[in-house]
């Protein structure tokens, strides 16, 4: 008799991902979907896909989904959650989407303590549109719009979104994780689960930043891309739990 | 129900509540502030949601989310805020979500001023966002209609799964008139497509991305069919002393009130003037306007802008009779006296 | 005992699963699948400890692990 | 019957309330009515006026540009609006604060020392009601009874204690005017 | 200068540089990305500013600031991003600041797709923002014109102190053709009104708030006069075999290329077809189009949308001849063959 | 002989302010104008007025000015500064303008380290439009859109903009001051001056938050309004210097 | 000696200057200015120490202080 | 002279470069030319093709829907585009990778074992140049000289070392074709 100990979760559809080989989006999709399955809330979850490589997320998550305009997922999620306060609502957003055009929406969903969960995939670039620089692009990093490397005097400094959101009152949970090794994938899963639990307990806004790879636009092998996360991104974007509902004593 | 004396913005807000709308997302802007302020007071008492968004962009996207989750929902703003909603409105129209958007117009362009104006006609009826889509646009001309057309807007929005806009202005928003609320507000439609959790069914998806050109064209053709149906069945128009009019005035919204007074003044001076007033600005009642103009020798379009509905009137009348225009802008309202003068000038020309 | 399989058609040949296997059971493949990728292959599933490291890293859910009892 | 009025004065003189009350009363008497507030360009305070139309027939333009009747509570408002009054029209002005000289036009005037009367009744804030009393006495536009009924509707419950005072003021305005008719 | 083979987007960007433009603010979106990517490479070498803004809203407001400070400046985007710029564009037009805005259109509404489309015609020419204003809208149909009209856009923008838009699409943006750059790019105008520090003069103010209705109306009338002048002097239009055409095609931008091929195919089959192509979409060359249609018996409008320029053609032709329409949307491009079929159908009707 | 020791600065025009009696905007205008005069940079300064009660600021500051769309002043200022890197550019923004609709623009001007100075007038409400709630409205505060008082479960938590911006890399100077007493006015002046000096030295983004009163919409006398700042706002919005270029060692 | 003056027409009668004067030299006025406000008035400028507290608090720049030498 | 071509294959086979080089060469020979790239809907990789028009007269539609000439480097591209070729048209295909069976239409075909030839020259990445050589030999569309001149312009300086190899490939394609003419 064989018992599956690792297999596709029911919270994902059968559609194969359109992502490039080795793209972190696939791993993160799985973690979110498994969490939802494990919490047994697939049938009361509404997900919000954003605009970025994960724009088609609605094809993969096996649950009700809305596709939001670029950057506006937190506002769309707010609209849904205010209608359905007892359902689960999450957004899945890239760094262009969340940290650039959608800055006002994420900051205010956080400040309002909107009881939603946000999965923030930070791959330091605009994957979908061909690798332009993002607010999270690190100094010196070459992208199609910083062909000579990101220069702080021209393009400013990489943005620590987790650090920034942690200063806001309505925020119940913020953590930064990554997926560059099986152990980190495990930790990422735990963080995502915790975020959804915070939502279940109606403690307010929960946020997980995942340091992710974009091998295609980084022009690296998937392997090297993971190494790059560990070596280049970690010093700028330290992992950890920045805030938790427990600490807040809410 | 007894009549009550109410301001236009409050009447609109109250009508929305009576239509069963329990969700409002908006951002403050003059001259529509009475709407959110009224709702901020009432919604909590009705277990409804009044949420002040961080911007008009957030507001329209909250509307998208809430409409997608299957409730009656609306927002209100004015010129600059409506412009900011453009992208979101294009999404809502593309995703075929029903909702109501209120524009209490003020003077433009830019920050302009807060005086009443009709300068957003073109935007509302033609080019508010990218892509091929249309809003249903309703233009009240009284406090009563602020209420009635709001209820109608919810009904049409749901019937056609299309955003509907109330295009009004600060004059109608602030003025008080008696109003009687329709006691049979439109019933809410079933929304099996709404995202409320995929319990015992396949997932619902609210989306306006169709990466394959063929699929997007197919969707666009479906929208066009819907628009055609709306055009055929939902044109609304009112006329006043048009049958025997030599000079037909065309005006919408608050401006039509001044035009009506001018028609009366003209009639009392023996000039056969009449008025046609489009109530739906999209679909534009082209046939009805042409019909009203059948016997007329000249048309006078009057608007609180530099000539926007003028274009639709030109299309409707196909060059059959001369069309004159009297426009005021930047918050100036044409007085009945000024309109009368223009009628008289036209009359002299017609005779001479 | 654990039975680990890689679905040939789902695999995109990113090879993230290879270095993480403590038993080095996964290898580059030479076959081409329908989408033009060279899927990874499992050499000796009998050695598999069921640690799931490969599963965790696979972005395309190409790996399934079963415990055979 | 078709009345087009402007009521004008400073912010704080109860201009808007008087206009709304009159409009409400017109509605109670089954007339067509409309009311439009208008504030000056100042951030706060400054001048305030409103257009009121009360009519047997449907109302076209609710904006009054050449009023048949002007009710004015202070000098700047008088100076601004008196010249716009229609030939054959009526101006009722608060003679305590206004020097009601007109550039000699075909307009009837009624001077009511409304601020003074209000002060005598012990409350300068009811000047507006004194003026309203004068208006209805002079024009018979609406009846006192309906105004009093309307007051009950228009004032929030917790202000109903003010009704007797308002009634007194209305009556004082009417009385004063009766003598001038 | 020798011809070079370039993609349309690159040619546009290079033309802007050659026109002396050293400031670009934008936000990435397909299918215009080649423009910012080209500039990101070149600007630093020219001591110019390429700045990737946090959003299209920020980009257009940076353009406002830079234009107010008196430099040639431009931005580029596509459908959804252009919608987000609506408010800012209304401000720029109201404040009479010269700048160039590029829309490389894609399929809509909503997120739509990234295939070429002409679905933003109405938005660009009629209702892009609140208030009474107009953009100057230029529609290239070749890589050469991507370059030439960009230079012209800077010139017209400065001449009239008005924002000018290049309305193009992904097809023209991505295709390569030989291009020869104008060696005499338009001279930059003096800008004494610019805010560059009030040294030895009274302060300059860039503003579009006019709280008094009278003042705003006066400003609006001034704008209208300007628009009238532009209409009278700047209409641009091209026609091909129109003189003796029985069937006149009307098309703009990339679609006019397919239409031209169809005209040739029709002529080779003995059908007298011709083409009129508006180059300025606003001002719309109404007279020129009417003139081109003088001898025609029928008109066929073909667009990559559901019928937008159609309305302006209807206005221009005033119901004189029947107008047919062939539209494709969502990124589909009508082929010359399809257009020919439609021409043949019309021809049969005309004969029958 | 009489020597003026306190008088209107030349960096203000003669136009009387349109502000309500006792409105803090008047005081803050003076401080900004005096600073500019003292630094001798009036002729090379371009100010950006925002949308709020101070929308007419261009009538008062005696220098080149631009009026920006609601919330977008930092973007407009960026446009100006990138054209005129050696001029002085400042924005003057209210809390509705800066902390609500303009969140993305302020965060990114800060993250880019845009070398401009931002004067942020936090009066906890939308003064111009009639006293609606703002992101900075304090809990329990009644406004026309929180008629029952701001409830964190509905409207979220007051936003500490200074705290939030201090987390960003490009930020050279952030301080929060007030104007509720002559001593505080003095401190506010010093902070504003420091911010402009940071700009002069091209150290990056400088930001001064001024806790201000709106007696009209707070429905208080100007005096009581100042007391309310001290008693109600200070506990939530502590004064101080959150970040300075010196510390940053730039 | 210091000469402190309040410009009657600029003053909006907010009275923020009154409580801050260490010498209590400023009072409510009763006159009405053109804009309808009751300007504050200085009682005895001879006592003025030139401390500028009043100037600092005045939102409307109605106060001027001169040092008489 | 008016040529409408489609060049099609996988991403990575140098389809776009071949198209651009041909277009550039056309321009150098004073023809009217246009080139349009087209990628499949895949995120990255997948199919790629381009439309090239080279003509004596001005070019109307730059999009080629029924090509006179199809140059195709792999089977899926062949299967997709072969049926669209005009009657009387020409298909040149990479016979190393393509089984060039046609549903019996009025189209001329030229099979070139381009991948094999390229491999023999030591670099599979010049398959595209072999095909181009075959094309110009067969159609005389442009001359080898101009292509070689164009190569110098189109390749960035630091790639000029590749010119001899490209030339070899072009010539090999021409030679192979000469035998088949």
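Think of it as A, B, C, D, E, F, G and H in the order they're written, each chain with its own count starting at 1.
Quick note on the criterion: a contact is a pair of C-beta atoms (placed from the backbone, for glycine too) under 8 Å apart; a residue touches a chain by one contact, two chains touch by 3 or more.
All figures in this text were calculated on a predicted structure; none of them were measured in a lab.
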With one step meaning two chains touch, work out the least steps from chain E to chain G.
2
Could you tell me between which two chains the number of C-beta pairs in contact is largest?
B-E
In whole angstrom, what separates the CA-based centres of chain A and chain E?
38
Can you give the whole-Å distance between the Cα centres of chain D and chain H?
88
For chain D versus chain E, what separation do you get between their C-alpha means, in angstrom?
56
Would you please write down the residue numbers of chain D that are in contact with two or more other chains?
none
Mind pulling the residue numbers of chain F that touch at least two other chains?
19-20, 55, 67, 69, 100-101, 103-104, 107-108, 135, 155
Set of chain E residues in contact with two or more other chains:
51, 54-55, 57, 80, 87, 91, 110-111, 208-209, 211-212
For chain H, which residues count as touching chain E in their complex?
20, 23-24, 27, 32-37, 59-63, 65-66
Contacts from chain E onto chain A in the complex sit at residues 27-30, 33, 36-37, 40-41, 44, 50-52, 54-56, 80, 110-111
What part of chain B is in contact with chain E in the complex they form?
57, 79-80, 82-84, 86-87, 90-91, 93-95, 105, 107-115, 117, 119-120, 122-133, 208-221, 224, 305-306, 308, 311, 314-315, 318-319, 328-332
Residue set of chain C touching chain A in the complex reads 2-3, 9-10, 12-16, 19-20, 37, 50-53, 55-61, 63-69
Chain A residues touching chain C - in the complex, by the definition given at the top:
1-8, 12, 16-17, 19-27, 30, 179, 181-182, 185-186, 215, 221-223, 226
